[in-house]
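Scrolling down, you'll hit the structures one after another.
Same chain, two partners: subunit A is paired with subunit B first, then with subunit C.
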Partner chain A sequence: MSIGLHNSEFKNPVVRWVDQRLPVFTMMQKEYGTFPTPRNFNYFWNFGALAMVTLMIMIATGIFLSMHYAAHTGLAFDSVERIMRDVNFGWLIRYIHMNGASMFFIVVYIHIFRGMYYGSYKAPRELLWMLGVVIFLLMMATAFMGYVLPWGQMSFWGATVITNLFSAFPVVGSHIVELLWGGMSVDNPTLNRFFSLHYLLPFVIFGVVFLHVAALHITGSNNPLGIEPKGPQDTLPFHPYYTAKDSVGLVVYFIVFAVLVFFAPNYLGHPDNYIPANPLVTPPHIVPEWYFLPYYAILRAVPDKLGGVLLMFGSILIWFVLPWLDRSPVRSMRFRPLARVFFLLWTACFLVLLWVGAKPAEGTYVLIARIATAYYFAYFLVVLPLLARLERPLPLPESISRPVLGGGPLPMGAAAKPMEKA
Partner chain B sequence: MLRHSIKALALALGLFAAAPAHAAGGEIAIPDRKFSFDGIFGTYDRASAQRGFQVYKEVCAACHGMRLVAYRNLSELGLTQAQVEAIAAQFQITDGPNDEGQMFERPGRPSDRFRRPFPNEAAAAAANNGKAPPDLSVIAKARAGGADYLFALLTGYEDPPPGFVLADGAHYNRFYPGHAIAMGAPLNPDQVEFADGTSATVEQMAHDVSTFMQWAAEPELEQRRALGVKIIIFLTILAGLTYAVKRKVWADVKH
Partner chain C sequence: MADNGHAATDGAPRRDFLMLVTGAFTAVGVGAIAWPFIASLQPAKDTLALASTDVDLAPITEGQAVTVMWRGRPVFVRNRTAKEIEEARAVPTNSLPDPATDQSRVQKDQWLVLVGICTHLGCVPTGQRATDARGEYGGWFCPCHGSHYDTSGRIRKGPAPRNLDVPEYAFTSDTKIRIG
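Take a look at the complex of A and B:
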């Protein structure tokens, strides 16, 4: 080996030549080949890979759509319909992109649920978790601006309602709104900048995803038991074990995706968005896309506008400090009999908010939304801090491999400490 | 315990899927009409859609445009190239400017979009009590209930119930949100004469024109479903193979 070259283990001369100068092959082999991965993943651990694939699908289909889309209030609606009618397989590309947004949120919601249930946010993975929250916020911004682009009635009125929320902030509020609009109302400048940002943000997401994965590869993955691998008997190389397992999840995911795209492409959309935007006609019910409904419900549950806006943003920002709100040393809810119940109740609350967000803000619906909102925050601010003190977790297994391999001999170091942390 | 949480999550997702997120309360129930394109394998009844085009051309087109549909698209309904050219040529299309800078009229060509009944939105509004009749290109996608709603609307005209105050120029319709619709009952028995001898009852014309509207809104529907079936079959086989590979890879691992 010459001095200054990376010590490559690859035999193929071309691969070796490149790898000595830019060790991408070594890196891939280390991070996705031999990468030691806990042996006990269940199928919930597919969803990170699924989210990654969905991001790539969205970027790919989006690039093709932008080749035919016209970001102008007078042309946008018809240009989208032209894609549906006259562009070769344009309907397919557009329906994949449109439903891909919904699939992206389904996947990411399950991914977040997984992280919360198995305590993946706890030390040493706090920053990994926080980067995930950043990705989620960027996704929300991207999806919101993407929904504006077809310039239908819901595009226009959704944009009007959501951008107006910023006017609730004192002093700076109206300036933020003007900056978002590029004028005094949602109009052509708004559409132009939203299109520009909608194209830009996915690449920002890609960058943060890279950091998310980089942080993951420092700490290694969590697992359903929530205890750290204690040695090689607890892990498997990522390839072929988890490439094979992820492939199964991926194909099943594609089946669900395909059912939506080919047989119910408009099921999750709103019919009003096939009416061209008209600033003079307000739709009877303005509702955001389904994945924003929980936050929309929280917004409307509060009688005060600023309070509602703060709680709505707070409902996601609070995830940033989750690692410090939940001080219990036990990660997996499998071993937290009380926390598990409270968390599943929180999940139910989230789904109730999703449902009530689509209902008119009146009568019983408001009451339901308020109760669900109260519990949403109480879980983070009251239940988790208290449980860390009061709950008696179940005994943790000695190691990941112990229950599987039936009490075979443990390596010296691991046998010395029968329980981790607790 | 994980199994329980998976079940709970699946159930919750299922519940949410069963009730579309945007279904707002207090809406008028739209009766389900049997159409040829219903279900997963449904296709367009070409004869019905052609009759529907005739109803559109002779009745609806007086007020409603379909600016996204071109005459050439009619060949997808089974019309020959000569028939499409003959239909297009029936319409005078404004073109230009020519080399003298003048707009001029010429007979339509298959590549032209359907001729609009009014030169612009303001003219359409002026001729219709101040509200322009909506464009019908994607109307079947733009109304909850789709073709079922269109059929219900077209056959839903009746006398207002006692006590219902109808504004001037409005008409009572069972299925229109709020019941007071600006459009008068558009279809009357034997208003059109179908070449295939089908009796032109209001119900028949409403059914045919709803089919035509559904086709206009989703011309890709048949291709989409046919491709979807192939892709789902392919993915199902691939899922089986992938799972077999996964089992084989994991066969030597206790877990």
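Take a look at the complex of A and C:
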């Protein structure tokens, strides 16, 4: 080996030649081949990989859609209909993209739930968690702007209502809104910039995902027990164990995805969005896409314009400080009998908000939304800080391998050997 | 592979088999997914629906030419004079760079229909209007690289390798044609 070259362990001469100069193969082998991963993952740990795959599906379908889409108020709706009727397989690509957004949110919500339940946000993974919240916020912005592009009634009025949220801020509010619109109302300049940003942000997300994964590979993955691996007997190489497990999850995921795309492609959408945008008539019942409903419910639960907007944004921003609100040293809710109940109640509240967000803002629905909103915040601001002091957690297992393999820790060689390829 | 299927002895052949099956399924899956994406880049149905163009010949007087749009490209329709037809037929076919008789390039003697794109590098030759440069042979002249076409649209001089193409067309009545 000559001086200045990376010391590659690859035998294939072509791979070796590249790897000595740019050690991407060594890097992939280290991060995705031999990467030591806790041996006790359950299927909740599939959802990071599923989210990554969904991001790539969205970028691929989006690039192909943009080749046929016209970002102009006079052309946008018709160009989308042309994609559905005339472009070869345009219906398929658009339905994958449209339902891919829903699947992305389902996957990411489960991923976030996993992180909250198993305490993946706690030290040393605080920054990893915060980067995840950044990704989620970027996803919300991207999804919102994407929904505007078909320029149907829901696109137009969704854009109008959401951008008007910013008018709640005193003094600067109306200026912010005008800046967002590029005019006096949601119109062609708005559509143009939303298209530009909708194309840009997924690549920004990709960059933050890279940081998210890089941070993950410094701290290593959390696991259902929430205790750190104590040695090689507690971990498995990522490949083939978790590449295989992720593949199983991926196949099941694709089945669900395909059922949605092929048998109920408009189930999660709203029929009003197949009516061209009309700035003179608001549809009688406007709702955001289902994945925004919990925040929409929080917005409507507050009888004050600014207060509602602040609580709505606060409901996600509060996730940033979750690692410092929950000071309990025990990560996994499996060993926190009280926190577990309160957290599952919080999850139920989230789902109630999702449900009530689609209902008219009147009568008992408002009351239900208010109770759920109150508990949503109380869980973070009152319950978690108190439980860190009051709760007595169950005893933690000595190591990961012990409850899995039974008895005392096995000699490390014996545990791994029979699984290796002969 | 099946002869040594028991993992207790040696898992290698079975694992190889599983790897091959997985690889095969992945390859087929990737192909099945790539297909609609590549197909979406092909001309769409509305684009193909514009594939034919009708031209009414009645208003085109003798010696006049019109240019119509067909599949996004210009098509020259020329009502040739008797002199132009005669010139086109007088030249010996074997002296041409791309030998073709005038008769093989028209359906009715006076009507010449051509794709108006130079066979050299795709410019549109001049010669449709009476004031245009028509080159040394009275047909068309490509200003890009100096190709001269005669009154049958055949290449006579210059870098173009072939005669101007004759599109597929048919007379739908005495005074109407459908191109494509």
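Just so it is clear, the second predicted complex is superposed on the first by the 408 of 422 C-alpha atoms of A that agree within 3 Å, B and C clash if a C-alpha of one lies under 4 Å from a C-alpha of the other, contacts with A are read in each partner's own complex, and residues count from 1 in each chain.
Rule of thumb we're sticking to: contacts are C-beta pairs under 8 Å (C-beta built on N, C-alpha and C of every residue); 3 or more make two chains touch, one makes a residue touch a chain.
Being a predicted model, the structure only gives us computed values, none of them experimental.
Asks: Contacts for A:166 in the overlay, against subunit B (first) and subunit C (second): which applies, first, second, both or neither?
Replies: Neither partner.
Asks: Under the stated touch criterion, name the partner, subunit B or subunit C, that contacts more residues in subunit A.
Replies: B
Asks: Which partner chains sit in contact with A:267 here, subunit B, subunit C, both or neither? Use first/second/both/neither.
Replies: first
Asks: For A:88, select first, second, both or neither according to whether it touches subunit B, subunit C, the two together, or no partner.
Replies: second
Asks: By the touch definition above, which subunit A residues appear in both interfaces, subunit B in one complex and subunit C in the other?
Replies: In subunit A, residues 82, 85, 92 are touched by subunit B and also by subunit C.
Asks: What does subunit C use to touch subunit A in their complex?
Replies: Interface residues on the subunit C side: 10-12, 15, 36-37, 39-42, 44-47.
Asks: Using the touch definition up top, name the residues of subunit B that touch subunit A in the complex.
Replies: 1-2, 5, 8-9, 12-13, 15-16, 19-25, 40, 67-68, 73, 134-135, 137-138, 141-144, 177, 217, 219-220, 224-225, 227-229, 231-232, 235-236, 238-239, 242-243, 245-246, 249-250, 253-255
Asks: Quick check: in the complex, which residue numbers of subunit A touch subunit C?
Replies: Per the touch definition, subunit A meets subunit C at residues 60, 64, 67-68, 82, 85-90, 92-93, 421-422.
Asks: Sort out for me which residues of subunit A touch subunit B in the complex.
Replies: It comes out as residues 39-40, 42, 78, 81-82, 84-85, 91-92, 95, 106, 110, 113, 117, 224, 236, 240-241, 244-245, 247-248, 251-252, 254-255, 258-259, 261-263, 265-268, 270-272, 274-276, 284-285, 287, 290, 293, 334, 340, 344, 347-348, 351, 354-355, 357-360, 404-405.
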